[in-house]
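Structures follow.
Two complexes follow with chain A in common, the first pairing it with chain B and the second with chain C.
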Partner chain A sequence: MRKERKHIIIPFLLPAGLLYLIFFVYPALQALVVSLYDWSGFTPTWTFIGLDNFRELLRDRVYWGTLGFTMMILVVGGMLVFGIAFVFTAILSSGIRGKKFFRAVLFFPNVVATVALATLWAFIYNYNFGLLNGFFKMIGLKQLGSITWTGPGLITWAVLVAMVWIYVGFYVVLLLAGVDKISPELFDAAKVEGANQLQIFVRITIPLLWDVLTVAVVLWGIGAIKQFEFMYAFAGIRPPRDIWTTAVYMYVLAFGKRDAVFRMGYGTAVAVTLLILVIIFVLIARRLMRREAIEY
Partner chain B sequence: MGQIQVMLPTRRAVSGQTTWDRLRRVLPRVPATSFLLFWTGFTIFAFVWIVVSSFKDNRELFASAWALPSALHFENYEKAWRLARMGNYFLNSVVVVSISTAVIVGVSAPAAYVLSRIPFRGRELITNGIIAGMGVPYQVLLVPLFVLLTNLYLVDTLPGLMVVYIALSLPFTIFLLTGFFRSLPSELEDAAAIDGANEYQVFYRVMLPLASPGIITAAIFNFIGLWNEYMLALVMINDQNKRTLSLALYGLQGSMQYTSDWVGLFAGVVIVMVPTFILFIVMSERVIAGITLGATKG
Partner chain C sequence: MKHIRPLIMIIAVLALVLAASVPAIAASPFSEEDISGDFVYWALWNEGEPQQQVFAEMIAAFQEKYPNVNIQVTWAGREVLTKARSALMAGAQLDLVDQAADELNAAFIKNDLAMPLDDLLAENALGEEVAFKDIFVPGVLEPYKWKEQVVFIPYEIITSAYWYDENLFKEYNLTVPKTWDEMMQMCETLKAQGKACIAQDGTADIYNAYYWYWLSARIMGPGAWYAAVSDPTGAAWDDPGWLEVARKVQEPAQKGYFMSGWDGSVWPAAQVAWSQGEAAVLLCGSWIPNETGKTAKPGFKYRGFVFPEVTGGKGKATEVESYLLGWLVPSSAKNPAAAKAFIKFAMQREWQQKIVDVGQNMVARKDVPLPDVLPDMKAWFDTATALHKPYDGVQADHPGWWATIFLPLDDQLIKLQITPEDFIATIKQRTIEYWAKPTPTPAALR
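Let's look at the complex of A and B:
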């Protein structure tokens, strides 16, 4: 039955498949080649230099600095995002009124252009008329009200706070979706047995949420490692190096017009290390989070 | 009386609850709930305030960020729309993002249908090969794509940008839609085939309408994502006339260093935000359902 079913495979796959092969797979493979060359982007000469770009990376202090900030977003940001998302998920799944409203507000930053969010936070942190300093001055805390939030030392944390604020809502939506799929009978039974909210959350919700949580962690890793748009737009046309992620550094190396480095090969080598980082992260996350499926 | 006694062992029958019991249940939640209220309150306030501030003039803003505008300075919008040419860029974005979204969904839906419902050799490999694209940081693709587009004479053109948008959105869209198609029942599909519909008809007349919630979700996701995107546009577009709206806002931010026109920038922010805000208000359930499905099927 339905033998001609096989006939539609190729026509249905072809348009997407060709676009994907030509404009995604081919460039991705070519990136590996480009990363082995020294190329300015203007001259026709590509000089093959083997792994020299990667050797240079090892000694490039700017690179390691940006990688440090990327890791800070990945790890510290990740812990904050998931910690807070868990708290909010717990409250929102406890039968609170206005659940949908809270969920929508938490999620909202995720539908706003990152460059608009960068402007919003620049406004919040602004030294002279920013909302934060303005707030502290208004309640009489003069000292707190005259802090340069985007000064050296603080700016990385300022960006991190904004990151957490943006992404918490996304992961709340994800985790809540997982919670909603858990059978309510389990919660009722636990309540009858006299379990408190915390026990229920730790013993029932989290174990049954594990698959969703694994997906969430992987998504976070993929997203965090390539952070670019917020940092690059946060402090005007030339963000300070403190908030350069490796993705920003890659852009500056290859395309940045202010510094005009135009090191396409070296920049792509930097990007390739980001890909390697994603692969390592996904492997570790899946390994750490692997366990037998739990069904009660 | 007898009935009540039977119910009592649950200890949570409402009639048996003292104020103390209730307090003990609610009190531990107070810090967390306050935190949630603070968080959402801050979020709403921040967005409201950037809208309010976009109606001030710069002198008022610099004097106090907290005061309300003395008069509604619509000229900020006038300036952003005409002088900063955000009107033109708005149109560019509408064209680029609409066409890209239509093509993305148009090519992804049939592919996802085949990959999720027709067994054939190599299916797993192809599906995983496409979905793996979700993990590739775009930075890896930037230089090769720039070179490729240059060779095809598509660099610095809107069609070129669209091609990039389409190709890079395929992994996520196909991932989302395979989940959707997989969740559909096969009875209708089989019934249509038995009734003599050919395979194209089965797809276009039966399965596609059934999957329309998923298709709409995929379209909204792509529209919002591409509307907000500026990095790829920054790399691929050089000509001032061909900027997208988000890229224009980035440009406006950059020129702020010289103009200090914050209220004009805020007006730009609002112009960029309005379309996705409306889409989200109208379609928030679909947006949220999309994340739900993508994650819980994966």
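Let's look at the complex of A and C:
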């Protein structure tokens, strides 16, 4: 029986497996090779330099600065996104009316192009005619209405808030889909036993949602580590330095953006570190979130 | 008859001499028949942009003139080189590419991947009895020579300067400052009247870098910054002139001459505000009338002045920046004949005039007048004693130093997050580290 299943599984997996090998595994391995060379990306000749690109990375202040901001998105952004997503999930799964409407509203930013969202948020934060300062001035809070939200020190937080706004909806929908699969009898039984909404959410919903949550955390981690589009599009002409993620830095090094650095080898080394980071994150996340499977 | 015969002889000899000499300046290495086959052009313009439409029209006219050519144009946008690189590495045909000179320099020229175009320049301009090289604004063919040969042909010239609305200057009774001190005085006068002096999109590091660049050019002279960056010992930074440059970079922010909120201003907020009369001047490229034309308040009259001299400085106001957009024929081009023919075709007066009319930019042909929105620019080039590359050539030739060392530090300097003394000490240290790297040599210097 097992042999027969193998005969069926292999042909079904083969096309997807081949595509994965060709379009992901091979380029990833090729990137590892490129990262060992000094290469502008234009010349047919590459100069082998071993691990020198990685050695240089260790001393590259810009790299570490961008990695710091990337980690801020991953950790602080992740805490905010999941914290808020839990609140919405708890509220929306409590049986309130209009659940589908609120879910659609929360998900809405995810159907808009990131470039448009970045432009919108740049407008919201605009010092002179932005929505935020305009709102504060309108309600008489002139001091708050005179803050340069995209100024030094604040811009990273301003961007983080925007990203949380964008991504919360996605994770709410994901978590709600998990909640929908939980048998309503469990919630009913808990209510009969006198549990309040918070107790139900913490003791029943989250444990039964654990697998979905693990997937969500992994997805967030991968997305956060390779975060690029929003920062790149935020200021049109070029991304402000304070919000350079490592992925933005990789792009600047390898492809240029008014800076003709064109260091494909070094840029690829940066990309390789991102890949390693993603692998480490996924391993740690899965390890920390490993639980006995709960069946219901 | 006896008198006529020697005359005929002289005429005949003269005719022979002329006939022999004409090919030396006018012969094309390619005949009309050579201009055929597939011709692949990757352009920096995006589909729908005004200048793209001019180029599309130009390409259609070229196709009509050379029906044996099959033009394949890709409107690749500003990241044309990124896309062209992939095409080149895949072995695809690429005969002509256009982009800013500094980017072509780093990508193609310094990698020895550009085709020499001196033969083309020695020919006559298309339909004219003048050598092709003589139709250009003086000094624009030389900066990006490679191995003594011209490999880059510019078609558009941009320069950075202070831009202002003439009406606003009249309203506040301002005169164009000739020195940095006069500039600061003008800002003080405006500040006293509650008017913002300088608009600045402070999150755009390349715009912030204009202050360092121009003050170094005026205080230390053009080429000095380039030399300091190129010095692996870092000793050049010990010149006290650099400290003066750093101190002056901080002056507008220290004295409150930039518009409120400038340090967090996200492009194009400040230039839009400036075009609506909320600040007096803007230090930017000559594309600014084109970029702000739609947001400018009614009656806005574009004027400009070159970055003022600094009293006692080595640089002069007649030293002008020339930021060039133009073409390059890759050395791997499969149809260089068509590429060269296209360059000559596109440099005809009528097409250059269209770029002026539509793009409102200065073009590389010296006999095409400037657009009305740039009334001052011609005089700057007419009286220029020297042209220099944008950012003193540092961005073009030392892009790694520029992007990873200078720009982050310069942002801190102009935003008063670092003292001038610390800035100089840090930049010296990091320049030494930059050159001491075991690897890799910046691509531009190979």
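Details
Heads up, the rule we're going with is that the second predicted complex is superposed on the first by the 268 of 296 C-alpha atoms of A that agree within 3 Å, B and C clash if a C-alpha of one lies under 4 Å from a C-alpha of the other, contacts with A are read in each partner's own complex, and residues count from 1 in each chain.
Quick note on the criterion: a residue touches a chain if its C-beta (ideal position, glycine included) is under 8 Å from a C-beta of that chain, and two chains touch if they have at least 3 such contacts.
Small disclaimer: the values here were computed from a predicted structure and weren't measured.
After alignment on the shared chain A, the placement of chain B and chain C results in a clash.
Of the two partner chains placed by superposition, chain B and chain C are both touched by A:128. Contacts of A:199 after superposition on the shared chain: neither chain B nor chain C is touched. In the superposed pair of complexes, A:255 makes contact with chain B and with chain C alike.
When the two structures are aligned on the shared chain, A:149 is found in touch with chain C, with no touch to chain B.
When both complexes are overlaid on chain A, the residue A:266 reaches chain C alone and has no touch with chain B.
Judged by the touch definition given at the top, the superposed model places A:96 against chain B, while chain C stays out of reach.
In the superposition on chain A, A:183 makes contact with neither chain B nor chain C. Counted by residues of chain A touched, the larger count belongs to B, out of chain B and chain C. In the superposed model, A:52 makes contact with chain C only, not with chain B.
Of the two partner chains placed by superposition, only chain B is touched by A:9; chain C is not. Residues 41, 126, 128-129, 236-237, 255 of chain A contact both chain B in one complex and chain C in the other.
By the touch criterion stated above, chain A contacts chain B in their complex at residues 1-2, 4-9, 11-13, 15-17, 19-20, 22-28, 30-31, 34, 41, 87-88, 90-92, 94, 96, 102-109, 111-116, 118-120, 123-124, 126, 128-131, 134, 138, 165, 168, 170, 173-174, 177-178, 180-181, 191-192, 194, 197-198, 211-212, 215-216, 219, 222, 225-226, 228-229, 232-233, 236-237, 247, 250-251, 254-255, 264, 267-268, 270-272, 274-275, 278-279, 282.
Those residues of chain B that touch chain A in the shared complex are 10-12, 28-29, 32-33, 35-36, 39-40, 43-44, 46-47, 49-50, 53, 61-66, 106-108, 110-111, 113-115, 118, 120, 126, 129-130, 133-148, 163-164, 166-168, 170-171, 174, 190, 193, 198-200, 203, 224, 227-231, 234-235, 246, 249-250, 253-254, 256-257, 262, 265-266, 268-269, 272-273, 276-277, 279-280, 284, 287-288, 291-292, 295-296, 298.
Within the complex formed with chain C, the residues of chain A that make contact are 38, 40-43, 47, 49, 52-53, 55-56, 59-62, 65, 122, 125-129, 146, 148-152, 154-155, 234-238, 240-242, 252-253, 255-263, 265-266. Partner chain A is touched in their complex by these residues of chain C: 79, 81-82, 85, 88-89, 102-103, 105-108, 111, 113, 201-206, 260-261, 263-269, 273, 278, 395-396, 399-400, 402-404, 407-408, 411, 415, 417, 433, 437-444, 446.
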